[in-house]
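Take a look at these structures.
Okay, so chain A shows up in both of these, paired with chain B first and chain C after.
Moving on to the complex of A and B:
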C-alpha cells in the first residue's frame, strides 16, 4: 500500500476555494458594506444591510415559503417515489423502456418545463382550463390565486423530480437480499408485515439520504419561479433565491441582497444539519 | 420478491407515465397549431400548421442560442471532469483524508447557487470574463464539481485495487495510474457522470441570466425565459423554441439511457 499523494486533491481544493470559500468571504464583505454593481465594497456600513434585509416583508416571508416549499416538495416526492418504486419492484421485470420514461423529466431543462406548464395552465388557450371548462367549472386559473400558484409550482417540481426519487429507491429495493424476503415469507409474513418490518428498515438510510438530497436541491429552485410565476401573485411564490436575485440584480440593492443571502444560507444550513444528523442516526441503527 | 408480480402494478405505472408525458405531448401539439387554433379552445390541432417552425427561427436567433448552450455545456463538462477526476480518485483512495474532502465538497453543494451570484459577478467582471461563453462555462463547470465528485467516487472505488498496485510495481505514479489504468477501466461510469454534468450545464439558468446581459452570448434557457411571458401569445412559437432545446438532450438521454440509469443509481447507492 502506498500513500495517496495529496497533489491529487489540489485541483478540487483549489476549485472549492475559488468557487465556495472566496465567494462566501466576498459575500460577507458585500453584506457589511455599501455596495453598488458599479462599486462593490464601498465603505463599511455595519449591520445596516441585515436590518434592511430583515425589514423587507418580501424577503422575510420568502424564508418560510422556501422552507415550506423545500420540505413539502421533498416529502411529497419521497412518498410518490416510494410508491412508484414499490410498484416497479412488484412488477418484477427489468426496467426496459420505463428507464427512459424515468430519465426524461429529469433531463428536461427546467425553463422548458416551466414554459410547458405555463402554456398548459394559461387561462385562455391553455389545455387544463379548457378541460375544466368542458367539465363545467369555468374560470379555472390556478396561477391567479396565491395557493393555486404555490401548489402549481409544487406540482411542476414534483413532475420533474419524482422519477429521480423513484429510480434511487427502486435501486435500494433491488438491494434488499432475496433470501431475507423468502425467509420472512416462509415464516408466514404478510406483504404488509414484510414492508413494515423487513423492507422499510433496510431502505430507511436511502430514504433519508434521498430526502436530504431533494431538500438541498429544492432550496435552490429558481428557474420555474422565474418562468412560471415571477414570484406572484403578490409575493405568494417568491422563494428566497428568486427574491435575492431580484433585489441584487434587478433592483441593484447589492448589499441588502448579500445580507439576505447570508441569512438564507443559515436557514438552509440549519435544515441540512438537522436532516444529516437524522441520516447518521438511521445509518447507525440500520443493520 | 416483495409480492407476486401483478398485472395491475404494470398498469398503474403505465398510467402514471402516460400522465407524466402530457405536458410534453401538449408542447408537441402546440408547435403545429396556429395562434387562432390554440385560442379557439379545442385541445387538438384542427389543422397542422407547420409555419410555427420557420417563424420561430425568424422571431429569435434560436440557432445562435443553441450553439451558445452547446459551447458552454461542453467547455463546462471538460473543466468539471478535469478537476473532479483527480479529486474523486483522492476521495476514493485516501481513507480518512478522502472522506473529509468529500464532506467539504458536499457541504459546498448544499449552499444555494444564488449565494455565489454576486461575488462571481464581480470576479468575472474583474477578469473581463462577464458576457463571455468561457466565463459562464467556468462558473457552471465549477458549480457542478460536487455532483461530479459524488458520482465518480462510486465508480472509481470499484476499480480493483490489485490492478492499481500492479501498476505501481511497474513504476507508474498515482497520476499516471489514474490516467492510464483507472480512467480507462472506469470509463462507462465516467461517461455517465460527464453526461449528467452536461445536462446540468445545458439546463442552467441562474448564472446564465445573471452574467450574460448581451444577446450574443445568451444560452437557450435565458433566451427562452425572456421570449416567453404573459405578453407573448404565440403559444406555437414558444413550444417550438422549447422543443428545439429539449430534443438534443432527449436524444442523448435515450441513446445513453442504460448508462445514465446505472450512473445515477451507482452515485446514490454506494
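Moving on to the complex of A and C:
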C-alpha cells in the first residue's frame, strides 16, 4: 500500500497543535496548579481545583442547568426550524424578503440581542410588561422569577437561532428529489405520509447534524446570560460558561475555573458522543 | 519522505509535550518587572514624557481635569484609557502578568488592592511617600480612607483618588404626596417604602433597592444596612464578623423591604434604579454623591427641585449615622512602567490639594474628598451644596471599610451570592450569612 507523503500533513498537524493541543495542555496545567489571575501555574496542587469546582454549589447546579438549556434549546429550535423550513419549501425556491427577515436575528450581535430583550422585558417601562398591563395582566415580570428567567433565556436564544436552523433545513429540503415526491403522490401518499415516510427520512442526517451543531453552541451560551440576567435571580440562569467566567475573571480563581472547564468539557463531550453516534446510525440507515 | 500512522502519533506527542512546557517557561519569565522605582530620584524633566493611565469609566471626567493640570505643569502627556469599574483589577493584573506593560498608572478599587499587590502589579510607594512627606502631607488625608485605600502589609502601594460614600436620596414631592417623613431608621425606611408602593398603584414605588448579584451593587446595598446597624465585615482582629447580630439584622432589613421595592431588587442595578429615581417612579434610593449632580441636571432629571439627600438610616440599638466606603479608588504605579518616576509624580499630583479641589470644583466628576483640607475649600461647598454636611460627616467619622486583602473580591462575591438567595426567599438571613462566614473563614 502506498504511503501518504508526510510533508502534506505537517501544516494540519501544526495547526492542530497550535489551536487545540497547546490551549488544552495549558488548560490542564492551570487546573492542576494553584493558579490565580495574579499567579498562573503557581505550584502543583493536584486535584484540589477539581475538588473545589465540584464542591461549588453554583458550578454543580450550572451543569444540569446547562444541559437542560442546551437540549431544550436545540430540540425547540429543531422543531420550529423544521416547521418553518417546510412552509418555506412549500412556498417555493425563492426566499425574497423572507430571507432578509430570517437573517436579521442571525446577524444581530448577541450583546445587542440581549440588550434589546432586556429592555423589552424590563418590569418597569419595558414594552412587554406594558402590553401585558394594558391587557389586564399586571405584574408581568418574567425575569423576576427563576422559571420565568430561564424560559426567557430559552426564548431569546430560540428567537436568535431558529432562523439558522430553518435555513439549513430549507437547503436540505430543496435537495429532496422532486421525482420521489411525485412518485409517492401517484402511489396515493397523503401529505402526512409524504412527510413521515419520504421527506423526514431523506433529511434525517441533516436534522441530526443541525441538532448536534445547535447543541454544542447552546452549551457554550454566555452573552445573553451576561447581558440579560447575569445568572440570576439567585443562580436560576447561571449556566456553566457564565459560572466559569465569574470564577476565573471576576473572582480571579483561574485554577478552579480551568478545572470547571475540563469537567464541563467532559459533560459536553458525553452529549456530543451520543448525538454523533446517532448521526452515524442515521446515515447508515438513511435511504 | 513518507510517514506511517505510528510516526504521526509519535510526532504529535512530542509536539504536544513541547507546547505543554511553554506556559511554564512563560510563567517563569513573567516575574521580570524591570527596574524598581527609585524613591530618591525625582522626575525633574517630564517634558515630552507620555504616561498611559488605566481609569475607571465614571471617573474619566475627574481624570481629564487632573491630567490637564499635570500636563500644564510638567509638559508631560497623559493618555487615559477608561474601562468599567468591575474590570479595573483584572485588567491591571493582566497588563502586568502578560508582560504587556501598556500602562504606567493604574486607578484601582481599594477592595482589589490585595490582589493587585499579590500579583506584583504595583510599585511599593512607601519610601517614595516618606521622602516627600512635606509635599504629599499624608496627615491631611482623611484617616478613615488613607489606610484602607493604600496600605497592605504595612506598606503603601498608592495614594487615594476618590473617597466615595453613600447617602440616601429621597423625593420630597412624593413624600409630601403620600404624607411620609424622611426615614431616620431602616425600620422607618421599610414603612415608608411599603406605604408608597402600596398606594402608588404600580406607578410609583417606595424605593429602588439595588440587588444585582455583584459586590459593587448588592454589596453596597448590604453594607449600607450593615453600617446602619453598627456592624462590620471584619472584627478588630481581622476575622469575618458576618454572623454578628448587627449583620443578621442588616440582612433581615434588606430581605424584608425587597417585596415592596421597585420590581425586582435582584434585577435592579444602576441602569434601572437611577432612571426610576430621576423620573419620579421611585421615591428613595441609596447612591454615591454623584446622584446629586444627575438629579440637578434638567436634561437627565424630572425631580430637579424635589430631590433631597440625608445620611443613611440607622437600625437596631445603633443611633450613630454612618456611611460605607462602597467604592473608593486610589492610583498606583505599574511595576512594568517604563517611566516609574514620572508615573509616581502623576500619582502624587492627582492626590494633591490643588488637583483635588479643582476636580471637586467641577460638577459631574463624581469625585469625593480624600483630604481634610478639602472640606474647608469653597469648591467643596459649592459643588456638594445641600449634601456637603452629610458627606463631611460620613467621611470624617468611622465609615464601614470593606475587606481589601488577597481574595477579597472573591469573598465578597460569595457574600452577595448568599444574600441574593436570601432575597429570593430561598434561605433566611442567618443561613445566608452563616454560609458566607464559613466560606470567608475557609479563605
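As a working rule, the second predicted complex is superposed on the first by the 271 of 287 C-alpha atoms of A that agree within 3 Å, B and C clash if a C-alpha of one lies under 4 Å from a C-alpha of the other, contacts with A are read in each partner's own complex, and residues count from 1 in each chain.
Basically, contacts are C-beta pairs under 8 Å (C-beta built on N, C-alpha and C of every residue); 3 or more make two chains touch, one makes a residue touch a chain.
Since the structure is predicted, the reported quantities are computational estimates derived from the model, not experimental observations.
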Examine A:62 and indicate which partner it touches, taking first as chain B and second as chain C; both and neither are also allowed. neither
For A:122, select first, second, both or neither according to whether it touches chain B, chain C, the two together, or no partner. both
With both complexes superposed on chain A, which partner does A:272 reach: first (chain B), second (chain C), both or neither? first
Who does A:152 touch here: chain B (first), chain C (second), both, or neither? neither
Dominant contact partner of chain A by residue count, chain C or chain B: B
Give one of first, second, both or neither to describe whether A:9 is in contact with chain B, with chain C, with both, or with none. both
Classify the contacts of A:233 with the two partner chains as first (chain B alone), second (chain C alone), both, or neither. second
Considering only the touch criterion stated at the top, classify A:49 as touching first (chain B), second (chain C), both, or neither. neither
Going by the contact rule set out at the top, does A:26 touch chain B (first), chain C (second), both, or neither? both
A:253 contacts which: chain B (first), chain C (second), both, neither? second
Contact residues common to both interfaces of chain A (with chain B and with chain C): 4-7, 9, 13, 16, 18, 22, 26, 37, 40, 122, 124-125, 133, 249
Residues of chain A defined as touching chain C within the complex: 3-7, 9, 13, 16-18, 21-22, 25-26, 28-29, 36-42, 58, 122-125, 133, 138-139, 141, 143-144, 146, 230-235, 246, 249-253
Chain C to chain A touching residues, read off their complex: 1-4, 7-8, 11-12, 15-16, 19-20, 22-24, 27, 86, 89-90, 93-94, 97, 115-116, 118-121, 202, 205, 212-214, 262-264, 266-267, 272, 275-276, 281, 407, 409-410, 413, 417, 420-421, 423-424, 426
Provide the residue numbers of chain A that touch chain B in the complex, in ascending order. 1-2, 4-16, 18-20, 22-24, 26-27, 30, 37, 40, 84, 86-93, 95, 98-120, 122, 124-125, 127, 130-131, 133, 159, 163-164, 167-168, 171-173, 175, 178, 181-182, 191, 194-195, 199, 206, 209-210, 213, 216, 219-220, 222-223, 226-227, 240-241, 244-245, 248-249, 254, 257-258, 261, 264-265, 268-269, 272
Residues of chain B that touch chain A when the two form their complex: 1-6, 9-10, 12-13, 16-17, 20-24, 26-27, 30, 38-39, 41-43, 82-84, 86-87, 89-91, 93-95, 97-98, 101, 104-105, 108-123, 139, 142-143, 145, 149, 165, 168, 173-175, 178, 199, 202-203, 205-206, 209-210, 220-221, 224-225, 228, 233, 235, 238-239, 241-242, 245-246, 249-250, 252-254, 257-258, 260-261, 264-265, 268-269
